[in-house]
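After this come two complexes, each holding chain A, first together with chain B and then together with chain C.
So, the complex of A and B:
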């Protein structure tokens, strides 16, 4: 029996049971649209979290001396060749920078806080870290020789200091002895969360090196256009920095990396659960569709339709409804994503989202691989669900069926 | 009148169906349901799946949250804190509670308050040898602290505060300071009157709370020693209480507030919900996101039930025509169908509750392991790395009720067709 004829038969059968198939179509549509939207929201969260983790002075890759992570002091610094340029193709690299990062105590006239003091190259820093995208009150740092200090808004509030005022820093120099220095506040940065604002204070790279009595740095941070370039870049950096640790953001921010992986699992669980919920209705409808037409199938068999063609017909009906539901569901899911393109406002849970690593606006991010996964699962479900009805249809004996 | 059967069915041939007794209708609808076993089984399976999933997921979530909140409040926060009203926005040394002993005593008299402790807190420079870090120095009463906080149980080395010269430090701080047990630690800060405060202590214990912020910046000393060194006298920064049931803290707060009234208007009573807003909000955020998920599942199952009732109504057109012809009112038939939907929902929900309940019982016994990778993150959120779910009673009622409403609606829409059915046409309809 030619496939085109079977296709025409199948198509007509779809319209014979319009209302029932419409309901089935609607169920598939809701399930698929739900999968698409939810996966996009979870991906949005996942990618924001990765972007924040990377922008939070981590970079995709970081080079540090082996002892620095366990004991973050200038004693575990290393010297960088002034002519150094990372051997990474320009189309893969956003930028790179060097930093001196040491723990320090900061005192204002009234308060004392423990912070991370970071000597930066302001121009490079702005291209790769959150400093480039946050609002800065006051001047900010001009260049690597700027001897003033840039504080977070929250830290300044707690220290009760302001732009133009002075703070005192106590930290440990390269010789192990404490250094004390006064800094004028050059500006305040307003980051997304108070955790960052409380933790980091920035100053020029050179004045900090001078204070610590060293020419060394503690880290080189590299930001890539896409995290998938990091494997190759990692091995290149490892060659250039023999004896130093090259770490990716997953190793540097294990908590964010764990959440990243949890999000992958969450998407898969969602898909499976929604498909299972769909399966009951799908199987139910398909079985009825066969049992109602026992006489009809018997007749077709009597007229010479082969069992194989009966199977093809049942499977084709099921698959075409699933296909229609898929197309509709993906379209609606995509439409919802476009509708929410400005993001969903979560600011009423501002403290909770900071804990969860969310931003105040959750922007959905659709991955085509997720759409492919949903489609594959729905089609597999359609095929599986038609297995039993098809088997029933094949078992129909023409004579018995016609006698009914 | 025939006999009464065991199921309570009264069947009298002379009774018109339109006025059939409720037991008969119930029995008929139950039997109707099983005329198509496969279909009913699948619909009930869908309902059972939804109820089971919602029950199990929600129970695990509620228990997980309760565990997390319990752990988080037990760590250092407590259930209720009395503070100077300026302290929360500006945790400075000068924003104190005067008459701390009297305040603590009054707080302990409030019903449902099970434990009370006082703390003085200040930021100071902490040095071991020639290394210095900024730290949060917390003065505590060791005996009281054990009743309020789990921190004394988190020692990895040494012992908790026993003498005025003992200090307990966080594990990361000890590492950063290059300090070990028995080392001398010097605390430098400013006194309440502006003078220089200095303490010289020995490291008696090292704690590992799993919470980086605490492990990096916490040092505990005896309250009296801190009060002496910083010139605080009988002043502290917080008086902390545990209550009987931390979920019911809202009902205890008014009693605490009235007990605090004699101490002036500059004191404020903060419950854990306000002290840990990020946790409260993440509970809400979780509830919203799971409501979306549950809504989608219920919707999908409803579609399935709707379809099965539509097929039922279609297949039984002849039967309905007959019933109409012999005098049953359309609403009576609709009633029978709705009752069938009730049976279906009840049957499905019972299976769902049985399977879901068994699942929760099993998981409550062995615990849900949360994985190696997630361990660090969960510790940061004060979670133990296993959840032992308990059946959530609210969901036990809500999930079946939700499915009952959904199936009623799914049955009603196709059933309404019966009102427009003409008996003669219906009788002629193809079987």
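So, the complex of A and C:
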């Protein structure tokens, strides 16, 4: 097959019908740029959501005693060997920590609120959870023996308390009896959403264990560098914690996981809608382009060009336009992503976006697999939309084609 | 024989009645002949030409071109046969609009896989012999009808096919250009030994042919050889 000749014919025919081809090129460019930019924004939302879910004390993986999720009390705690270190390669692991998390009632001089009281290892916690990145007014907790308490800004507002003031905690001890203790407020953390600030109060691991009358913990949380490592890490932790539950963030945060998968579906739906819209224009234009050249194809075949070569020539023309549109569209889409690299400010709609699980600044996140997917879709569309009518055209006998 | 046609029939099915374009035609054409197929419109001359060229298929009978029976060939094989053995000159020139005159002439050689340098030399030589070498880089849209037909002839003969089929080659040409074209075809026929079969109802074209076949209602009604001195005699 004389590919050089076909390429030359294809290239010159592109310029022969330059206005139509330019329109086609622009349509593909806009569709692809739209696919790339919008998929990057949805991915940004998706990955922010996952990062928030993982950072909000969930981690990629968590070890808990069976029954703790249904009844999160110290009765469903477990003992951790002081020498324990998770058997996960260092290049896959950001960090890990142990916690005691129990439901409690917090009282100030004026108000009472139900909360989750969490005993932590402050140093480890800062490595793997949002406590490492939030702004703290006052002091953070120093170490596992720190007997002060760290509250969210919103909880402090509702309790009408402040840094340096005392609050009282009532919770159930390991023996089933209520325990009560006073804590001085060390600081107030300012998280991304008020829901977190209202829900969690932190103190040192040891003082809380002492209050509860136990040396047990309720969870081990592990943060990985990439969620793709969680499958292997899950099986390693399951071996180390025989009889305990090892759960990933999707199991722990099913709503966030559902939203994560919804984002995948949203991207696919967006691709399909744009590609369908493009398909109507593309197929119509390419079929018209082929059918108006049936006579020319008949002439080429009368001169000795094989039917297959005619189809290849038509496909080369179409694929050239699609490729040019793809390259242009990806470049423009990528350019827009670079332009919005610092994120799009959504703070004007802060109330709504918090409900939707969005951050106030949406940063696009480009996945090359999305670019490959949209490229494959556009190329397949171009191939089908040109090969099929070309194939139909060469089935017409050369003589009939020449008579048109 | 370059062409053998045996008991050739072609019927076109129309909505009203079947049209018998050719009925039981037998004709043999030897190498080096210059044959004109003439007759009124609908007599079957173009149909016969198209069947010989493998552009159409007979309902009955057999066509053999240079020893190859066309009946059993598929479209790709027919295309290969046209590429290697047959040159076409169409009434409407049928040049490729995006290629220059030289590239049009090179087109068939390129399909045949002739090297670029040789293609170029042969294309320029034939364009020169037709007196249009200075138009080599012009595209068909920049050429007159006569110039385009010369390029079409150059394209058809540059690969020295066994058989040159010309369908109404003078239909869009004035008489002077027609005479020039026919002189050219006669030269190709005599000097290169290319067998030429042309369908025409132009008396000037018929005058150049040494064998004149006349058709009527799909049948051959006359088949005569003309003395070489008479053929191509000026009107």
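Points worth noting:
Here is the rule we go by: the second predicted complex is superposed on the first by the 392 of 404 C-alpha atoms of A that agree within 3 Å, B and C clash if a C-alpha of one lies under 4 Å from a C-alpha of the other, contacts with A are read in each partner's own complex, and residues count from 1 in each chain.
Simple rule for what comes next: contacts are C-beta pairs under 8 Å (C-beta built on N, C-alpha and C of every residue); 3 or more make two chains touch, one makes a residue touch a chain.
Remember, it's a predicted structure, so these values are computed and weren't measured experimentally.
Using the contact criterion defined above for the overlaid structures, shared-chain residue A:402 touches chain C, although it does not reach chain B. In the superposition on chain A, A:2 makes contact with chain C only, while chain B stays out of contact range. By the touch criterion stated above, A:258 is placed in contact with chain B alone, chain C being left untouched. When the two structures are aligned on the shared chain, A:216 is found in touch with neither chain B nor chain C.
Judged by the touch definition given at the top, the superposed model places A:176 against chain B, while chain C stays out of reach. For chain A, the partner with contacts to more residues, out of chain B and chain C, is B.
Contact with chain C, but none with chain B, is seen for A:308 once the two complexes are overlaid on the shared chain. Residue overlap on chain A between the chain B contacts of one complex and the chain C contacts of the other is empty. Those residues of chain A that touch chain C in the complex are listed here as 2, 4-5, 8-9, 12-13, 16, 296, 299-308, 394, 397-399, 402. Those residues of chain B that touch chain A in the shared complex are 38-39, 42-43, 45-46, 49-50, 53, 90-92, 123-125, 130-135, 175-176, 178, 189-190, 217, 277-285, 292-293, 296-297, 299-301, 303-308, 310-311, 315, 373-377, 380-381.
Interface residues of chain A, counted against chain B in their complex, comprise 19-20, 23-24, 26-27, 30-31, 34, 38, 70-72, 103-106, 110-115, 158, 160, 170, 172, 176-178, 254-255, 257-259, 261-262, 270, 273-274, 276-278, 280-285, 287-288, 292, 346, 349-356, 358.
Taken in their complex, chain C has these residues touching chain A: 50, 53, 55-57, 75-76, 79-80, 82-84, 88, 90, 94, 96-99, 103, 107-108, 110-111, 113, 155.
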